[in-house]
Amino acid sequence: MDNLIFAAEVFVNGLMAGVLYSLVAIGFVLIYKASGIFNYAQGVMALFSALTLVGLMNGQVPFGHLINAIFGTQVHHFGWHLPAIVAIVLTMGVMVALAWIVQRVIFRHLINQEPIILFMATIGLAYFMEGLGDMMWGADIKKLDIGLPQGINTGIDSFTADLFGYGFFIDNLDIVATFIAAGLVVVLVAFSHYTKQGRAMRAVADDHQAALSVGVSLNFIWILVWSVAGFVALVAGIMWGTKSGVQFSLSLIALKALPVLMLGGFTSIPGAIVGGLIIGIGEKLFEFSVGPIIGGATENWFAYVLALIFLVFRPQGLFGERIIERV
Amino acid sequence: MIHAATKGAEASGDSPLATDKAGDPILELRDISLSFGGVAAIKDVSFDILEGEIRAIIGPNGAGKSSILNVISGFYVPQEGRIVYRGARRPSLKPYQVARQGIARTFQSIALFEGMSVLDNVMTGRINHMRSGLLSQALWRGRAEREEVENRKFCEGIIDFLEIQHIRKTRVAQLPYGLKKRVELARALASEPKLLLLDEPMAGMSVEEKEDMCRFILYVNDEIGTTIALIEHDMGVVMDLSDRVVVMDYGRKIGDGSPDEIRNNQAVIDAYLGVVHD
Amino acid sequence: MFYREAGDIKTSYVDDGQTFPIRLDRQLYFSALIVAWGVIPFLVDDYWANAVLLPFLIYAIAAIGLNILVGYCGQVSLGTGGFMAVGAYAVYKLMTAMPEVNILIHVFLAGGITALVGVLFGLPSLRIKGFYLAVATLAAQFFLVWLFNRVPWFYNYSASGQITAPERTIFGVVVTGANSETWATYLVCLFFVTLAALIARNLTRGAIGRQWMAIRDMDIAAEIIGVNPLSAKLGAFAVSSFFIGVSGALFFAVYLGAVEVGEVFGINKSFLVLFMIIIGGLGSILGSFAGAAFLVLLPVLLKNVLVGGLNWPTDLAAHLEFMIVGALIVIFLVAEPHGIAQLWRLAKEKLRLWPFPH
């Protein structure tokens, strides 16, 4: 009985972790559907946006270390502190600029390349942005606090304590993150279904040529898509940054999202959500039940092995479209 | 070229069974049906290909011609029906196993290995004639080296025949369309097939290129004795080249016979030729 | 003027099929071999060996291995670090379990074991393609590193969780452990590089190589003309993993001497080797060498210039290295997907026509 209650707590925590995985995965799906690019840099974009956000809030001088190293100066801070909301808007501006640059400098030259070449290009992009982020804002671990509630949720704690005689430990931040992620999904779906740009985005995803022929600007759509992905990365960056500090490991959430995609199918937003939940819950329960027997830290690979086994039986993922091959 | 001619050279093509060069059926399709997720591509099609003949498959776009070739190649597995190859029922085989039984083909949209040279493409066609092991190849000694030279000689023969010597070391990606089609034929011939499937070998070619291609096809059929099944849209070519013709429409067979019979078949004229001959 | 094929007439298919059909290329190749085997061992010092030569040679083996899989067979793998770890741990277990057997044999065996593991993780390639497969190989990367980290049998229950290479000799000369002779470690690595390059070249110019490239260029057509995708793909995984396992074994036993798996064979190692073949040239043995040399030399160069010359802090130089590597990857993919090897080929093509380019 006790074990069951613990398992239930693990389940709820896994659910919340899963929501965040889904959030990152959705960023992948958006870019992939519209441009056929599998964007490995999504995780680094989250890191970069969180770094930028913290840097702007604290009034850090961009490239401070570099300037100091070259000119022997001692500049670090502008000496101001921006309110969170202003910094978020500015960061979003940076992400849009980034989307424009990425499209203009890289992917415009890689149109019609094989997907795997595009994929490798995004790995290069990830490396570049990781270096750039550290170069601009420094590599030290930074605290990010935009005023989201944190700490144990006392309501749930006392409620479950009354019910089971054992209080569940559930972080307020996770609850908020869950709601924000759910809200974001609703906004994205509404955007793609009820706005002109959203419809154009879906048209491009469906068929480039057909979209072109009815006057959709591919260039604009791709910049838009990368911007939206930047926005999703920013939200993910805020959540994970608040939870465990803004540091290099934040970029590894991309690695968490990959098996989610394999499970859910690369082209399906519902797939990303369901896949994220399955993996979030699955890896926590596996670590809880089997982990102690085989040495722990199974979260590092569980998702991948699960996705791999799954893929061998259903190569297109849960919700992916079945591919009919032709010659 | 390499083999002495084994069959008579004259194509008469008066009636389906009376062609003087044709022997027993090399391949029979019996009641083949194929569908993709409920959409039927081929419905209950039966016909045979006789040893030594040129068999044309014609029909409007989307009639299921390429699907038929894909079924023969083992690339699509039909839901119903069976295939009899050289007198025995063929079990469900993977495409590479079909190739090993002596069936080679070309593709409607060229499917060459673009990153490889012409010579390497043709040599790849010899795959089923090379048996050396990993170790021998790794050391480039013994069987591997010997086989490489022997097969190179064979392939050079085909390259000579198809008049592509000057481009043998060129990467395929750099070739123009017409030459690519020719290289694809060379690759298929390299395997010394018993049955050669050609999917629109002359699509998109100029008149001169078509004439060259016809010459090659006739030569392969007459002199080497290779049985050929081909899909083609150019009616003039089909009527001149083929011994017998299958006509497809909407996944069904609507006609089967010699070129003359097909020309006078009312169902065929309605479905297809009527459109072409204004 | 100097670089010509005119007059160098081939009279047999054997001559025409050789690795370096042009005489000057052959001479260059043999002089490189003579310098590498006959001159460098007498000149090499500790700094050059440890900072440049050993990592270059060992990474070159890994790059050749990965290039067979990615460049020739078209199956992208991100599990290189994990497979190198298999080689390292296999050689460690063999060295400690059978101390009397020659280390060279252990290295070969370690490669063989890695080949088996590679085939196992290559099985999904029969069902999934492209970046689905790339992502799937990450499963190997994470699982293998976790395995060597968490299962004490693999590191012989050592307290630190590290593995440390015991001292082994070849013909009485110490080649592993703290007292190894620099020139001898260099020669061991050179031996394996030479072998790897020869084998890779022979495989890729023959029947197996053509099957790999056919799968890479158009897998469906390859199968229809008679390539068995199962044996071709798994063969590529096996050969590739063999080389990567050998490089992992050398990396641990001969180069580093002690290894903590997460640090040394993490996912960054996978990317590093992948970058080597992208920059050096996909589908080129020479490119594997060029890429390995480039990415081994770049950090050394940056460190000497920025940290040593301009007194930058080391972390700043490291960030800049990330940016440069990332940018180079993108630039090469955009401008020259066949890497340094293709630039070299183009240069030779120009040279062949020089001084009358028309």
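Each chain carries a letter (A, B and C) given by its place in the written order, and its residues are counted from 1.
One rule holds for everything that comes next: a residue touches a chain if its C-beta (ideal position, glycine included) is under 8 Å from a C-beta of that chain, and two chains touch if they have at least 3 such contacts.
Everything numeric here is computed off the predicted structure, so don't read it as measured data.
With respect to chain C, maximal separation of chain centres occurs for B (centres as means of Cα atoms). More C-beta pairs touch across the A-C interface than across any other pair of chains.
In whole angstrom, the spacing between the mean C-alpha positions of chain A and chain C is 33. The distance from the centre of chain A to the centre of chain B, with each centre set as the mean of the Cα atoms, comes to 50 Å. Chain B and chain C have Cα centroids separated by 42 Å. Multi-chain contact residues of chain B (touching two or more other chains) are listed as 75, 107, 111.
Residue numbers of chain A whose C-beta contacts span two or more other chains: 327. Each of residues 220-221, 224 in chain C touches at least two other chains.
Every residue of chain A that touches chain C in the complex is listed here, in rising order: 38, 65-66, 69-70, 106, 109-110, 113-117, 119-121, 123-132, 134-135, 139, 255, 258-259, 261-262, 266, 294-298, 300-301, 304-305, 307-308, 311-312, 315, 325, 327. Chain C meets chain A in the complex at residues 74, 76, 123-124, 127-128, 130-132, 134-136, 138-139, 142-143, 145-146, 149-151, 220-221, 224, 267, 271, 274-275, 278, 310-313, 315-316, 319-330, 333-334, 337. The part of chain C that touches chain B in the complex is made up of residues 12-14, 17, 199, 202-203, 206-208, 210-211, 213-214, 216-218, 220-229, 235, 239, 283. Across the complex, chain B meets chain C through its residues 73-75, 94-96, 98-100, 104-105, 107, 111-116, 120, 123-125, 127-128, 130, 132, 134, 137-140, 144-145, 147-149, 152-153, 156, 187-188, 191.
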